[in-house]
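Listed next: structures, encoded as structure tokens.
Shared between the two complexes below is chain A, which pairs with chain B and chain C, respectively.
The block that comes next holds the complex of A and B.
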């Protein structure tokens, strides 16, 4: 196992180098450059000024030197400065944008995978009842919806017509005028607290599964769940009482509802159909008959035997989807005016802001690589048949 | 519906453990109604072992699944009963039925590979059955002691319980399946093709062990198989099924030495003998009937060399032939004697 992980890590570093190189050169060979774009068509700017600008950005050096310098700096943690927001460091910009995107899209991802898995599980289990057609047609209908149009319709319905939810942005500027924190502090806090609570929730369910006594299992499941949820609220209302960060965190949460809802409605059907077909396949297996013959309650047959095995392909697609969290939201972020990574991806490429673009893409690359790595490890955990052995 | 129960001399005086009485089961399919089990009656006493033989699709597995009420959702019971110690299992609620499963009747499935859920350890899957059936629940110590005993009983190292199914050989998996079937101390085990996927040596070992276990624990076993050799080796009584119907029933000895239904005769004659005199194996012409529209009269008549006009129109009832032998045939006296001793 240790050898396998080490080998994979070395592979990942190598792959990342290739990815970074290709990305850098692809962006470099785009016709024109940042300076030309900015000064093009303006006759009042003398050529000397352009020369100065090029020199200042280092664009006058030979391409290989530029590349060497970039790579050298990259691995020292220096991603350079943005051409467009000169002289703001790229790391700064990403550090500001990344948490916003992560919080929103991870929340959406978890929600729609959870909803899709549950729906798919029940569809397969109660196959052929009247609800099935309704849910399937509804889900696939939403799945094939054009995202911007659907998002606008939802905004129109919930924000304009009903006035229940905010129109756009991730916070209410009025409320934040005298805020004692920066939004990113709140984002990071929100991210970590939710992450810890979710891990606790998941872990208590996982440990409950391992226990033999049904009563102890139930106590663990509900006790652990209550502790995780209780801990979440205790954090915001108990520990945090002096700083009232919860008001601001609540504001961000309030702004997240609509995008998360839209993404869930659009995406859950994909997960649902995947789960459904995987579960239908599992239900035909002989071990389901064995489980029934053993006199296990239907709920145990469904959840412990069928759904557990049907989870394998769904878990794979979930982890691979994590990699799309950063970039997948280009359109969503634009529609909801959510200033995250999606927006800088587009703008930096269009304005040939090479350091910012390469920096942003490198994070997508890192997440994709980590995602694949996690899939491999997770698959081994979920499916003992392909667990890696020391000599394997 | 003639001749409902078939009391057997060889088990006279014993309390009947299982009585299947005039069982009729149909499958609703898009193509129509498939008559899978047609008026099947038999009974089984404590400690007895019975074999149910027939070609694939003759309804033997449907009968077996009916005993646990595990038939697919499109199965419909039209009439008949499955009496377990006098109680009709077809009348129980789902919850009551669940309590019966495994605790009273357990099953050794065919193709032991697929009988195991690949993601749980072998021991875990056996323990799961015990956890659901012992009331009050067994202590952890008692459970693991019991588990070790089970594994020793079927000739496996108790350490096997910590392995995953894919890590075991076919023979080990089948033994572990038997251990699982024994875990809740059932009175009857249904063994559906218990050794089909195994090589002959392992097959013989496992059958031998099953037989020993059966005698030691006083179990009843219902073997379902298409393999006559297996059935001859391990059963006391035998039922021959054809196209959803029980065509011959009796003590294994009598049926093997003097089959009285043409189908059983042809089936037995198709096995070449190694030790007996040389003879041409008889072949059974034709194919089993389409159960969507089974032939009228005797279902075997299109393939039967002794069929008469009566066979085409009238359904033969089970008729007693000998002290412990019944056959559903109008012309059973015409069926020739077996040419020689069969195993």
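The block that comes next holds the complex of A and C.
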């Protein structure tokens, strides 16, 4: 196992180097350059100024020297300086944008995985009834919905026609004009508080499942749940540091409703279908027959014996989904004008801001690599039948 | 199993080959192959038909296939005049009009217009006085007898664009799927058969391609090169063929590789190429056809998104129709200009859903463990 992990780690580092190199050169050969783009509209700038700008950005050196410098700096944690937001370091921009993307997409991920798993479980259990085809077709219809179109339809419905939710952006500038915090402080606070509450909620449910006694289980589940939710609200209303931020956090949360809703509607069907297939395979196992033959209640067979095994591919797909969060954000963030990583990715590529684009891509790569690694390890941990062999 | 229950019926049908051993008619090997193929096709169709979801998908695909052929018929029979109905250069010269009154200050933008707007709009004579009325051509025009789905802001027929968009989607989806399957099966089988360094290299390559964020890289490539439709199809095919599809097909090929008939072929002196192409790939094929369907869905969606963002260089596509509606500002006027956004958006959704549904139906053929007990 240790040998496998080390080998995978070495492969990962190598793979990342290749990925970074490919991305760097691919972005470098983009036609035109950022400096030319910036000065194209202004005829009053003398050519000398252009030369100076090129020199300052390090673009006057040969390509390979630039590449070498970039690589050296990269592994010292210096991703360069953004061309368009000169002299802001790329790391700084990414540190600003990453939490926004993570908060939005983790909220959506948790919602749609939870909904999809529940729906898939029931769908497999009640296989073959009339509703199944309807739910499947409806689910697939939502799943293959053309995302930008669907998102705009939802914006139209909820923001234009009903006027319940904000059109776009992640906060209301008017409300934030004399805010004592930067938006990202609130984002981080929101992230941590929600994370702690969710972990508490999950843990109470998990412990409740392990208990033999049904009454104790129920007390634990509801008590733990109430405690987590209560704690969440207590923080914003009772604790001083939370009270100050409450209005602003609420504003961000209000702007998150529509994107999360759209992402959930579109993605939950994928999880649902995956759970259904995996559950159907599990239901054919002998131990399900045994459980039934023992006379266990349907609910116990379904939730304890079948659903737990069926959770395996769903869990791994969840990890992979976390890993590809930024990539998936490209469209959603464009539609909702959500200033996150996906927005950076598109705008930096289109405006030839090479350091920023490579920085964003490298973050995607790191997340995806870690995700794949975690999935491989997780498979072994969750399913002892799968042994890690020499060939990996 | 239901399959076994219905088997006796099968042998009583008038199938010329079904009731007797195939080898009775010793013709040539390809005839036997053909017969076997026909039989398995019929059997698979029987299984497929039972999945209502798959048939539903097939019906939608058939509908769109007819839609894609229609423009040719319409143009050939003269029902449509190319000057008016061409999806790119067509123009409706006599659009419906709307009576407008020139006023000092606009209170109802649908029937009133002010001096500034008259000066900005080249179509209106600027000799108008306050209180005069005139006929303003409406372009985008709502559906009428001539244009069943109305016209777009440039005066082109929406239905014609929709039909040509279906054509583009089919072309793109099928080309991407074929490229994916050819690459995916070959790479997967080779990795499984040779193992060792070949396997490590191909699988790490697959890992690398999975790492690459698909949409973002397509935008980058779209920025570097002028992107035609078939370029996009090939790029999607390569990304998916060397990437995810290869990994799945490799695991399938590994399961096939340990079967006795592979050993038999090897003992009989079959070369690696022979074994891969005649024994491994045919047995991996069903699964790869399944992935073909999912690739079609992905390809149609990526094309729509890229055209919607305006990165792709195509003549007509559903994404481009949405792009026009977006850049001209009709996107959020869903009730007033529904024909500009809803048909195109719905088409992308429907066609990609249809391929996905067919894939689900095929899943039951490929994966017998999913069949109903």
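We adopt the following convention: the second predicted complex is superposed on the first by the 352 of 392 C-alpha atoms of A that agree within 3 Å, B and C clash if a C-alpha of one lies under 4 Å from a C-alpha of the other, contacts with A are read in each partner's own complex, and residues count from 1 in each chain.
Going forward, a contact is a pair of C-beta atoms (placed from the backbone, for glycine too) under 8 Å apart; a residue touches a chain by one contact, two chains touch by 3 or more.
None of the values given here were measured: they were computed from a predicted structure.
Partners chain B and chain C, once the complexes are superposed on chain A, both fit on it without clashing.
In the overlay built on the shared chain, the residue A:287 is in contact with chain B alone; chain C does not reach it. Superposition on the shared chain A places chain B and chain C such that, viewed from the Cα centre of chain A, they span 80 degrees in steps of 10. Between chain B and chain C, it is C that contacts the larger number of residues in chain A. In the superposition on chain A, A:296 makes contact with chain B only, not with chain C.
Of the two partner chains placed by the overlay, neither chain B nor chain C lies in contact with A:118.
When the two structures are aligned on the shared chain, A:305 is found in touch with chain B, with no touch to chain C.
Contact with chain C, but none with chain B, is seen for A:160 once the two complexes are overlaid on the shared chain. For the pair chain B and chain C, the least inter-chain C-alpha distance in the overlaid model is 6 Å.
Shared contact residues of chain A with chain B and chain C: none.
Within the complex formed with chain A, the residues of chain C that make contact are 52-53, 56, 195, 199, 204, 207-208, 210-217, 219-221, 223-224, 297, 301, 304-305, 308-309, 318, 322, 331-332, 334, 341, 344-345, 348-349, 352-353, 356-357, 360, 363, 369-370, 372-373. The touching residues of chain A, counted against chain C in their complex, run 11, 15, 18-19, 22, 26-27, 29-31, 127-128, 133, 136-137, 140-141, 143-150, 152-153, 155-156, 160-161, 273, 277, 280-281, 284, 324, 326-327, 330-331, 334, 345-346, 349-350, 357, 361, 364-365, 368-369, 372, 391.
Every residue of chain A that touches chain B in the complex is listed here, in rising order: 212-214, 285-287, 289-297, 300, 304-305, 308-309, 382-385. Note for the complex: chain B touches chain A at residues 68, 70, 98-103, 106-107, 109, 111, 114-119, 127-129, 131-133, 137, 140, 143, 164, 166, 180.
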